[in-house]
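Next come two complexes, and both contain chain A; in the first it sits with chain B, in the second with chain C.
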Partner chain A sequence: MIRTELVERLRDVMVRSCPESVDWDEVDETRTIESLGIDSLAMLDLTYDLQQAFELEFEPEDLLGVKTVGDLLAFLAARVGS
Partner chain B sequence: MTGRRRVVVTGLGVVSALGLDERALGRRLFAGEGGVRRIRAFDLAGYRCTSGAEVDDGELRAALADRGWRRVDRTLDMAMLASAQALEQAGLAARGAEHVPQAVGTLFGTGWGPTESLVANWQSYQEKGLKGLRPTTVPRCMMNAISSQVSMRFRLTGPNYVVVSACASSTVAIGMGYRMIRDGHAERVLCGGADAMFDPAVYGSWNNLGVLSRNENPERACRPFDAERDGFVLGEGAGALVLESLESAHSRGARARAEIRGYGESSDAEHVTRPSEQGQTRAMSAALADAGLEPSGLGFVNAHGTATQANDECECRSLRAVLGAEVERVPVVSSKPYFGHLIGGAGAVETIATILCLEAGRVHRSLNLDRPDELCDVHLVRERAVDLEMPTAMMNSFGFGGNNAVLVLRGGELA
Partner chain C sequence: MIRLRLLAEYALARVFLGAVELLPAPLAMGAARRMADLVFLVHRRRRRIATDNVLASGIVADARAARRIARESFRHLALIVVESLRSGVEGSVNGGASAALVEWDVPASVEALLDDERQGLILASGHLGSWEAAAQILSLRKPVMGITSPMNNPRVERLVQERKPRGRFTLTSKHDLDTGRFFACLKRGDVLALMIDQRALKRGIEVAFFGRPAATHTSIALLHLTTRVPIVFGWCERVGPGHYRFHAEEPLRHARSGDKERDVRAILEALYHKLECAIRAHPEQYMWGHRRWR
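After this line comes the complex of A and B, so read on.
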């Protein structure tokens, strides 16, 4: 999967876990997950949505080190073989 | 800690069919504008009961987005908004500011809990099997989801739990918060309640129980104490109140909007849906005794007043037993025709309505009380608001399962 496609698909998934007020045109890879309004409950939702959308199997704790959008992209890229 | 501490209310928050704050609630209560409509949330084909007091979905979504919050679950979302209003009014939170941990308890009541999540996850399991169950199923669906989510968002580090006692749930939550503060176990407690019933299966369960009004005219469907009443009308929403010791309110310069003077509770221990005069009477008498108030000192009663045949008759017999000769004088009203029966949220929102009456110095008018039932032989507020003789009130909540919970409140100058 090429990186731009990965970015677009990640954004489509993250929209479901974030408040409607997030301006996605302003979100870059340095943006922290927490600043997108993703609390501990939303993070579990995001985990499930990523598993379903990318057909991946991983545990919620595998995302404990993920702090930014860039971290999440790197995690997914490694799993989906970008 | 020795002696009883006085407990006051310093913040109110409400989400109901009358609007998304207490100003809307007060404005429409005193304008005599009810919020019961034909239900819009789902297809009503086959339902014999078609009226409800729904929270406007567009307004709710906009209010969440305005605060930068995502939708989680209708019950939780409404509880969160009411909590934000109450904490901000009390000066314990500021909109948009980061919340720092503070010693405030979180006690909420609910009858059914997070129904949207419960139904969605069950349906997903039926459709997809094990993979259909999100990892958030447990934290979303656990019965303490409301208090846990509220405590985390606002960093409230006091005790947090949910009280489940049907229609009395949030009155019990307020009563427990009151006792915690009165007896020195807590300084401040956020109390409230919430329920969301407008799901086809959840509402259908009530439809089939046979306690809802079948009146096809929504605006006329909820008629407490009226001879033509035929059941209650469900509502949805949330109420939240910040309770704190009078000393705490004074030290912070927080405005006390009312005082909780007493609380009483009892169990009928008889029948799951039929109310008991003995049970209700014991709870009311206990609340008045706790408040040190004789019936002669009571300004009005905000009744449970559901508009079922059984409740209204029984509640009036209980009121006659408790109030004695004063029953001819003390005005009795039900707020339910305005915003429906909120089940677990009922006590909190009706306590807020009671406080608004105490502040206004008058009791809002009744709706749909055209011809009082002869068996409801108490001093019913009719088509006009009634001026209060004294700023005190009793607020009744009686739940299926035989739970009775009664608060006594005082308004006016709270020195």
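After this line comes the complex of A and C, so read on.
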């Protein structure tokens, strides 16, 4: 999967899982996931949606070190081979 | 003004806890029962909520029977609170010090999960029987992490928590944003205990509880779907003073359909069905006084 496609798909998933309204054009890779209003419940939603959208079988605890949007992109890129 | 109120609450709690600890057990339990009767008599609003809830559940049809169940549930709540607070004094089962007065009504499949040190478990329970004892008893077999909502008065919260010996039962605040603690708990092979009958203030979904829509948290279903750790519905019946029976149902494993909403709903409906069956068998041990259907 090419990087731009990965970014687009991640953005779709995050828009769905994010409980707050966010100006997604302002979101860059340094933005923390917590600052997007993703609390523990939304994180569960996000985990489910990522597993589903990218057809990935990762353990949720693998996301423990993921703090920013960039971390999440790198995490997915390593698994989908982008 | 608020500071003064918090201090007054703290002083009252100290007096109450002191009395609970100093009185001999039969006297403390008798006093708890009479206090519950007094609250039931005086607190009209709470009494009405409890009685209306019993009627709405359809467990009984006439108001007199509903009122009797509601009063018994007030007494039951007072007894389990006092037992929980005295557990440190007496080293009872509730305190996790002894397994002598615990009966296990658990299928072989759950026994196997409990015996497997590496197997995590999601415990689904409700405000039925003694939920505090349920966690303490289960922690005799595996470490248990419970999710709690701290009291508004931090001094009282500290005072109460200091009196509850925990052992392998730990509590974590539901306001903590870190989801990783849940995943880590399950990964370690521990039990993560969640109450399924708390009203979801935001972002819950409506699921029928005794046939009426109730705002319900989706976390337990999402945890199961993302981790694939089995959910066990369990609860602790109070059989007598300091004497409990831990009931558990066959583990629930739900395969993903790809439709998140449908999967979450199916899991929550299955859990509510198990909780309803348990409540029907022991309605006097359910906490009817909270506004579940608001």
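The rule we apply is simple: the second predicted complex is superposed on the first by the 81 of 82 C-alpha atoms of A that agree within 3 Å, B and C clash if a C-alpha of one lies under 4 Å from a C-alpha of the other, contacts with A are read in each partner's own complex, and residues count from 1 in each chain.
Here is the rule we use: a contact is a pair of C-beta atoms (placed from the backbone, for glycine too) under 8 Å apart; a residue touches a chain by one contact, two chains touch by 3 or more.
If you're wondering where the values come from, they're calculated on a predicted model, not measured in any experiment.
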- [ ] Tell me which partner A:37 touches in the superposition: chain B (first), chain C (second), both or neither.
- [x] first
TODO: Name the contact category of A:61: first (chain B only), second (chain C only), both, or neither.
DONE: second
TODO: Considering only the touch criterion stated at the top, classify A:4 as touching first (chain B), second (chain C), both, or neither.
DONE: neither
TODO: Return first, second, both or neither, reflecting whether A:20 touches chain B, chain C, both chains, or no partner chain.
DONE: first
Task: Shared contact residues on chain A - chain B and chain C - done: 19, 39-41, 44-45, 47-48, 52, 60
Open item on the list: Taking the touch rule as given, give the residues of chain C at its contact with chain A in the complex, in rising order.
Closed with: 176-180, 182-184, 187, 203, 217-219, 222-223, 225-227, 256, 258, 260
- [ ] Can you check the complex and tell me which residues of chain A touch chain B?
- [x] 17-22, 37, 39-42, 44-45, 47-48, 52, 60
- [ ] Name, in rising order, each residue of chain B that touches chain A in their complex.
- [x] 61, 64-66, 68-70, 72, 131, 134-136, 139-140, 149, 152-153
- [ ] Over in the complex, which chain A residues touch chain C? Could you list them?
- [x] 19, 34, 39-41, 43-45, 47-49, 51-52, 59-61, 63-64
